[in-house]
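Please find the structures below.
Next come two complexes built around chain A: one with chain B, the other with chain C.
Here is the complex of A and B:
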């Protein structure tokens, strides 16, 4: 099926069972409802990280995903609060808006390589933050708060998604929604990487000159990939804003952009599912280190350096060994 | 018959340095034409302008009546004029077969979306690419190394891989920049025969830059000689071997370089 081996299908089945049934059961049994919020955040951050991973895949270090997450969060919030759109329509709109911005920004900056591209993207998040502070529509430093919970969605009278506002347990609903989005994102990413576009990306990552000599329109593919990457960022950010029911200029900051990138490094740039694992480990790792107080950042940084030093291909390389892709 | 490629008064200046000065010559269909000259003569620069990897300062290159200079490399490649590189230029972490498969992407019938969803056309493409890759590697005598990672190959095979990637695009004109570099005598002779059969069996017009004079004399229908960015001679191998300007340009190493 779609080129999956039976072993992979079993793996996917187990994973889906765990996130959709296992986790809610365990949380229900233990009563640790706060974990829903944590895991929802992980799933949404993993969506944004998937985009960053994709820009790595064309050989560009992207430290600007926070910018697109913030754009997505604002676009959705504005559409819901000021224009009265349904959240479920504002969600793809937020992704598309982020993608359009990525095309406009990408045209000039995607020619840059290596550290130059990375540095420009590092500035992007700050630029978007400052823009959000300055624009009237984003409401400056006060941001947009009191975003209503997502309303129900029905198509041709068939209810697809219930009204979140009338739910008792929105935590579970948000968790399930985030998981569905994450699964769809990574399934799309997997297909993309293993299709012709993915192969062309790989050729560009390894040698742009050789790629263009065999007829690859590298400028075009760079833009397409950066747009898809930012689409993921916009979606993740929009969903985040809806859960928090508010967006501020500081909802995503430069540190978040750096973390999106670190998630990819940590999980493994050679593995499609690397950023998902990286996000989980980094998020929980940071929380656990909270216990040690003021040394949190120091220990955190040292562990990261050690991982990148001793596992240059990321955490997943331990599991799969050398040379194995996916 | 009008020529396949016309190089018309092409000049390339890098700041104060003139790498190519007012170069003109024609290439006929199905010809093997070599461009020779001492180091720094401007041979690679000329190839880069023909393949639009670098713009001309003035002049133009015409292919089948269309200008192909000062465009983008991928556009020229799509028209069927494909270059290889003087420096080792490979997809490092792809296998030989993967490289040859990806190089066939221009022949794809299915759209990118078709590939994403795994449409029937896309699946047919994929199996056709695989089949053609195996055929091509067999033809080039590279079947044994088809599953080797490119970065693990010895120098001689790297040159061959570069040519295989170029050929996989199904070019009409192939520009080979020093295809025999780093090869020993036997490997070179083997490659000479291969390049000739690429022309004979696949109808590919070949232009090549080479320093290996015996190989050049053996393989070429015609030769263009550059020196300090100027074209100093053009003719058949025997005409070039007896051309005084050429002998002068190579003076000091006449015997071993020109192979006389």
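Here is the complex of A and C:
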């Protein structure tokens, strides 16, 4: 991880300071404890959106992240409730399970491109929702509720997790956990994009045949990328289920898959941190507009349309200008 | 069995019309119109208001549905899609716009028409009964006929008029069409309006049978996507085949597997994924459309 300019380091430092110290202080001062839940959701959805962004990076439009988030949420919930695992072990297990599913499904469907891939992933979300309704282990439409909080017993017994939570309330603990996960995710994403694999992905984004002709194993890379992407989705979904303490087939539906994609678009596809900003703006904006009651959807969609109408390349394109690849 | 086939024809003809509009818009502008289902719902509500509330003859209400949606489609294309397509670095940005429009139309429908299920009085009474082998209400038969008639009219328009020829040229190759003197901007707008109009027409037709409600938009869009995928994106004949195939699958599945509930749709989705894995471009699509 060499080659950071001091400006970048300061930026990262300020960002970490704000999310880990600034935000809790501000919320503590203003007493808006509900913002913790909002921001936790933003962090988790940003993790899933990071996965979608990664599939964009190899030139595929992924509208199926809701499927993998739902798979992750169910795997974690089933492992915790029925098998009695600790949540912190079920979390990576959920991610890995989602990744394995992604490999199996990805083998055939990653041959598709463009809108075909987009539409089949959209259908995939619907398949997973219907499967969750049909399978006995997922409890059908009733879902799995009363998932025990990870903080209660298991979390503090494991030395891997710092003892941040024992005297704090769960809202803050969840917020910090989600932020740590998000920071790790985006650090991994940044590392990936600036690695050899990242260069290969960019070559695929531009022209798959050409990349293939100069010796890039495109079939292998797209499977790997799709698996990583779904791993993020699974992690985000599992954590989300644990915070809500319940999972239903409707926890992640087609609209969520579309939202994950919108987060990436809105933030800008050319920037690693685009999806994070996109998620923050979309989710927080939606939450703030709750005040205006029944006009919430109207104003929200009008802002969305206006943004894409005047900034078609995403919010971050304002600052960096066109063509600047991060 | 005859009953299942008749249901299949009935469902298939409606579905084909929905898919036609979507595939037309996709073929012309490479836009995946997420708002198609919402346009269909608006068409239904316009007919509901004019025919159901004001008591104007049904045909007139249907025409009004078409006109409203055509104007709406033209405005959306002119002021939203066309500038965004010009300004964005990646074509896919239009998907965000389409999703935003879908949200917007949903909000408008909610504010103007509310969230209740709405229905209109039957246009013709009575039930067709062929020896208890096919039982079908007359209004369904009429709607089915009207749908087939519209599809035929649409194909005629595309094949034999100047507008249709220009639209087909545009779908084949945008640049070449422009070089041959086709006014690309104008025909994009006409095409989009035509696609939206088809959605409105189906909405107006179906409101007499299924009624209309706010929540129908999203699922309709997904079904339309599936039909377009079965047939091949951007191919007119493919959309018709896709609609018919999905209609029959649904009719047969619901008849044979009704005791298992949603398993029909699960089977349809899974078989669609397997089919697309084997034949990614659909039945009639060009490879990598």
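Please note the rule applied: the second predicted complex is superposed on the first by the 295 of 326 C-alpha atoms of A that agree within 3 Å, B and C clash if a C-alpha of one lies under 4 Å from a C-alpha of the other, contacts with A are read in each partner's own complex, and residues count from 1 in each chain.
What we mean here is this: a residue touches a chain if its C-beta (ideal position, glycine included) is under 8 Å from a C-beta of that chain, and two chains touch if they have at least 3 such contacts.
Computed from a predicted structure; not experimentally measured.
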Exercise for the section: Determine, under the contact definition given at the top, whether A:112 touches first (chain B), second (chain C), both, or neither. Expected result: second
Practice task
In the overlay, answer first, second, both or neither for which of chain B and chain C A:197 touches.
Solution key: first
Exercise for the section: For A:313, select first, second, both or neither according to whether it touches chain B, chain C, the two together, or no partner. Expected result: second
Problem - More chain A residues in contact [chain B versus chain C] - result: C
Problem - First, second, both or neither for A:29, with chain B first and chain C second - result: neither
Completion exercise
Note: in the complex, chain A contacts chain B through residues 2-3, 188, 191-192, 195-197, 199-200, 202-203, 206-207, 209-210, 212-219
Handout entry: Sites on chain B touched by chain A in the complex
Key = 51, 53, 72-74, 77-78, 82-85, 89-94, 101-103, 105-106, 108, 110, 112, 115-118, 122, 125, 165-166, 168-169
Fill in the blank from the handout: Listed in rising order, chain A residues that touch chain C in their complex are 61, 105, 108-109, 111-116, 118-120, 122-124, 126-127, 130-131, 133-134, 254-255, 258, 261-262, 265-266, 269-270, 294-295, 297-298, 300-302, 304-305, 308-309, 312-313, 322-323
Practice task
Mind listing the chain C positions that touch chain A in their complex?
Solution key: 26, 30, 32, 34, 80, 83-84, 87-90, 92-93, 95-97, 99-101, 103-104, 106-108, 110-111, 218, 222, 225-226, 228-229, 233, 262-263, 265-266, 269-270, 272-274, 276-277, 280-282, 288-289
